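Letters are used for the chains, namely A, B, C, D, E and F, taken in the order the chains are written, and counting of residues starts over at 1 for each.
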Amino acid sequence: MRIDGRTAEQLRNISITTNFTKHPEGSVLITVGDTKVICNASVEDRVPPFMRGQGKGWITAEYAMLPRATEQRNIRESSKGKVAGRTMEIQRLIGRALRAVIDLDLIGERTIWVDCDVIQADGGTRTASITGAFVAVSLACIKLLDEEKINEMPIKQFLAATSVGISEDGEAILDLCYEEDSTAAVDMNIVMTDQNEFVELQGTGEEATFSPTQLNELIQLAQKGCNDLFEYQKQAIGEKAELIGQAKGE
Amino acid sequence: MRIDGRTAEQLRNISITTNFTKHPEGSVLITVGDTKVICNASVEDRVPPFMRGQGKGWITAEYAMLPRATEQRNIRESSKGKVAGRTMEIQRLIGRALRAVIDLDLIGERTIWVDCDVIQADGGTRTASITGAFVAVSLACIKLLDEEKINEMPIKQFLAATSVGISEDGEAILDLCYEEDSTAAVDMNIVMTDQNEFVELQGTGEEATFSPTQLNELIQLAQKGCNDLFEYQKQAIGEKAELIGQAKGE
Amino acid sequence: MRIDGRTAEQLRNISITTNFTKHPEGSVLITVGDTKVICNASVEDRVPPFMRGQGKGWITAEYAMLPRATEQRNIRESSKGKVAGRTMEIQRLIGRALRAVIDLDLIGERTIWVDCDVIQADGGTRTASITGAFVAVSLACIKLLDEEKINEMPIKQFLAATSVGISEDGEAILDLCYEEDSTAAVDMNIVMTDQNEFVELQGTGEEATFSPTQLNELIQLAQKGCNDLFEYQKQAIGEKAELIGQAKGE
Amino acid sequence: MRIDGRTAEQLRNISITTNFTKHPEGSVLITVGDTKVICNASVEDRVPPFMRGQGKGWITAEYAMLPRATEQRNIRESSKGKVAGRTMEIQRLIGRALRAVIDLDLIGERTIWVDCDVIQADGGTRTASITGAFVAVSLACIKLLDEEKINEMPIKQFLAATSVGISEDGEAILDLCYEEDSTAAVDMNIVMTDQNEFVELQGTGEEATFSPTQLNELIQLAQKGCNDLFEYQKQAIGEKAELIGQAKGE
Amino acid sequence: MRIDGRTAEQLRNISITTNFTKHPEGSVLITVGDTKVICNASVEDRVPPFMRGQGKGWITAEYAMLPRATEQRNIRESSKGKVAGRTMEIQRLIGRALRAVIDLDLIGERTIWVDCDVIQADGGTRTASITGAFVAVSLACIKLLDEEKINEMPIKQFLAATSVGISEDGEAILDLCYEEDSTAAVDMNIVMTDQNEFVELQGTGEEATFSPTQLNELIQLAQKGCNDLFEYQKQAIGEKAELIGQAKGE
Amino acid sequence: MRIDGRTAEQLRNISITTNFTKHPEGSVLITVGDTKVICNASVEDRVPPFMRGQGKGWITAEYAMLPRATEQRNIRESSKGKVAGRTMEIQRLIGRALRAVIDLDLIGERTIWVDCDVIQADGGTRTASITGAFVAVSLACIKLLDEEKINEMPIKQFLAATSVGISEDGEAILDLCYEEDSTAAVDMNIVMTDQNEFVELQGTGEEATFSPTQLNELIQLAQKGCNDLFEYQKQAIGEKAELIGQAKGE
């Protein structure tokens, strides 16, 4: 029995609110337990310099926390004048994960900017960001299709992410909240597709190690968690969710 | 008749949601028409170096927009590595306004950090920030009182802010939305107390000027607007709102 | 009787030296009491990217203090690697004020850079900067006319600025020196034209408030002060001052 | 048969030169094929502020490349004024990996700074850095022991890292050179101990995904590679290598 | 005959105005031909961290130009967010030169900040800065003596600087103006004391070289120039100039 | 007899290893006693904006130290986010010196980037950098000639640099090691050509001065040292060294 009453293989409560703000092409508020992230997808009609003239698109992500998203207030990165290493790691991860399931050729010379802004944090903000960002990008792509700016749905598979870990008493657990995360011996973030394939897998023992057997257990938990998340995503996206994976292309 | 159907002296729809996120001592979501700002007040048990040892407190504010709070996505200030002049102006204004109605001696050697994060912008974000921040700070002070960390309510008067302006066809109007703001000849932000006193008054003609008569008209409109806002604030704060203005001190 | 022997409605001694340094198109040293500011106007034959191709010009201002312009030495902003919020506020104000009285269409695709460098500070540096900058820009425009680079004087009205305030014993006073400013309850900067119109009005009560009646008093003092300043400006500019306000344009 | 004639499960040529420069407490040049990294361990007799007074030590790492370590010259991060996201990711990884096998209580209130400077790059610079840094830190700890500044060898296990990947034609390969890396479908970095435990595992499909079966294959290759690397490390460290893993502590 | 009518060994017109601004402990405006530099010396009652507790003082210098001190306007270093290499070179030179003739033990744990701000530039700004800064520091030391904060004049010798060069037609010339400087084959700055000793000597051939014979010629010219400058300094400082070189100490 | 057994006019042991790393067009490791610097020359097929369209090339240099090149570890400039004044001075010196002996017209619209990275420091890093950089640039030019990208050897003379100084007991000495340098009364860096001409001469007395007689002694020592260095350079470059100085051009 876990600190918040869940079983080892149970996700926290999930909700995904679409059209959360009015300006972005795709706007989502995802809540995973007490973690709340606004995921906005913005479409820009050009690509960064290193991609120009190739007829294909780009997806990039940024991640931030409100100063008081956490128990203790953090100094804003804009005030410090630089982006922390942790932030960079997370935003690189989000962008890379999304690019793995999107056919960049099909979005034309456009950039999709994904902004994940954590308004309340209770562990798992990077995996919630990926899961929510996937929905926001899907909505933005549906909008591009509806406006006939693109011809085919560029999204090849569903994509979700969750965290798994080995608790301090050695149990493998799914979707760690902050208190579990801060005492865990091993922490792993896994990004998967609905074809049961991995996109990204990052396991870390801070002052600890883990065995091949434990690795297997963690992976199975994560597979279960992601399968649940795909259902929430489908409901949030609505009937056009069935377009995902239909691209003939690449 | 204005672009959104309001009369010249009508505020947009106002709502103030308290306890919007769980960590801050005071947390508010204020919406003024389509402008939405999260205002969080965080209490820290120390003051900045220049104030140490005086037995009194400090209040400071920070302001930011999510990148896609606006019609066009803006580059994050953390990515640019510096805070824009406009941002600095606004956060200095918010802090100064709040300090005018709070007895810093009564909060002890504490800093109240006020974070105003605009999640959706449609004009008037700085005045909505002040109006919402006042509520967030009030809630934080009530919490300090409830926990008996302070003995007296340090807030001396209610404080609200609104914008007024001269439209392109010469009419004085209250609470400009973005479209009105971007075509106005004159734009003025006024911060007032419920004693009908001014705290801050900033009127600007970008490539235009205004007469003493127009100034008077604008001021009267703003007085009306602020009076309406004080009512919304009282409702949001609830019954302990009556403690405001009760301090014997200073 | 004020600290330096002036009456409530008396400006400090004013002098405006033209052609103070040799390189700028317009160069002025303005002294207001012990406040001394070098105001240089530089004409550049291009506009910033956001204005290109519109056939009109741009005016922008920068403001700085020598490190020992003040009683205590300040660290240079170049050493700190960033421009302070106060500096940004002031330079945005100066630029905005000048643009209100200059017909940007008449200066063609040129930028006028205004540099206000305070070499000695005793209160009122921002208003002295505006008053001096107006003269520097006028001289630069006269030079453009003399060289037949432009055809009409683009300056529509005279522009000057002064500070007014409520002293600690409640009196409304004009043109505060540093000592008065640092003890004043209310501080207001007003930028006006010689048509008796406002361009900018910024009143602030740091830990204080002011009433509509006091506001009126302050405004009348400022009008008096600006009227005096227009005379000093006319003398400094010389006979070509009469070209100001002659534009048929816009 | 691979581009450089290796079999799928063969490491490149490895050499580890100790005492490469004279000042550091531990100094190593590691070469892995054409990748060459200077790994220096510096002992400082204090810890960062967040660790003071706990009687334990800290290990942190920094990573950089000479501008022309690569085929194309890169701009220095000092010239750009900021550290790239990739650099931060790598140096956080190196530090975290080392901390997993070192008993920080046994090094006292000291910081071990690990500097990994790539002088020639041909793929696998981060894993070469970890493998080399482990030797440099071991030498520094032996020096602390020899000088009787510490009483017990604080290193609990051997630690090495290698890369594995899925080549463009679907084969699992060990220790990718730059050309292999830039065309691989999947790229994974694995950090292991000589107890056959994982410390860190980062697998990424940039615009690709991988299956659980492929993951297993990659892990087995990495285990083989790390086992070979432990032998090179033991030879480089010399007879005192046997102290590693002898700590009674924690 | 030179471009401005001088002989090869003639300085430009020199003037040194003392007490140029009111706040600094020593304030000087030096003009060397059309080059004008404000040199302010500020005394601070503490030393930088690396010098604390040694009972001796420190002297450091900063150098800047107003944006329009030159023919073309330069971007402010504060706007660029960093200090240029040229600026750093110059301010390090000024500080080093002054420290060579001042007995730091005699000024106690104080820092003398020297600010050299060029308001008009026509070549030789760094040497004018040194010559003027010496006077400003002398005045500040005399003030410390007069106020009995120190007991002995800490200045050991007079110090002045000038430039010499080889013109494009091969002639050795003294005190180059901007136009001469920009076409010179060789440019040398020499800092000397009135004991005919060198403090600093920096000779540079940008895309050119110079012979030992030419070096000798240049040195003799510089000696002559500095001897003239010592006279101007003595007059500016006044009768207390005779205290310089009287310290018994060190 | 000096601290390391040398006579006053003796260089330390010199070695110059060519082709030290594989990517750069010219790559050299120079060791001067215990000072070791990697000097890489990279050819880029374009020039900086200010030189475009003139048909001539550019040479620029960057200099850095590994954090633990010195006895005490230094913080990386990339971590500090800015380049130190000392670094800028040195890299400007290296670039200027090289440009004095290279005919920029003969290298076409190309930039040669010279990177001097000190991996071990024991005094004289800037002069070792110049001496080594000259060899690296020579190798890069020979490569351009061999590949027929240029037609003539653009290097006009040999160039080397050394330090000389006055020791604390008043003796003039050549090629100071760190310990000598840190106690020397006077320190001078001299850059010369094999035509016995000066390119750069920088003599400094930190808290000391020197006489014309001492200056002469130092110059003669430096001439001797540079003559020895030219021989090492010729051997390192090999038989194509004879092309240097053969250009008919300019």
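One rule holds for everything that comes next: a residue touches a chain if its C-beta (ideal position, glycine included) is under 8 Å from a C-beta of that chain, and two chains touch if they have at least 3 such contacts.
Worth saying up front: this structure is predicted, and the values here are computed from it rather than measured.
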Turn needed to bring chain A onto chain F - CA fit, degrees, nearest 5: 120
Chain whose mean Cα position lies farthest from chain C: D
Chain B and chain E, separation of their C-alpha mean positions in angstrom: 51
Intercentroid distance (Cα basis), chain D paired with chain C, Å: 60
Whole-Å gap between the CA centroids of chain D and chain F: 34
Per-residue multi-chain contacts in chain A, two or more chains: 81-83
Cyclic chain order when read starting with chain C and heading to chain E: C, E, F, D, A, B
Of chain F, residues touching chain E in the complex: 82-83, 85-86, 88-89, 91-92, 96, 99-101, 104, 157, 188, 193, 195-212, 215, 219
Chain B contact footprint on chain A (complex, rising order): 21-24, 27, 34, 36, 38, 40, 42, 44, 62, 64, 66-71, 73, 76-83, 87, 113, 115, 117, 119-120
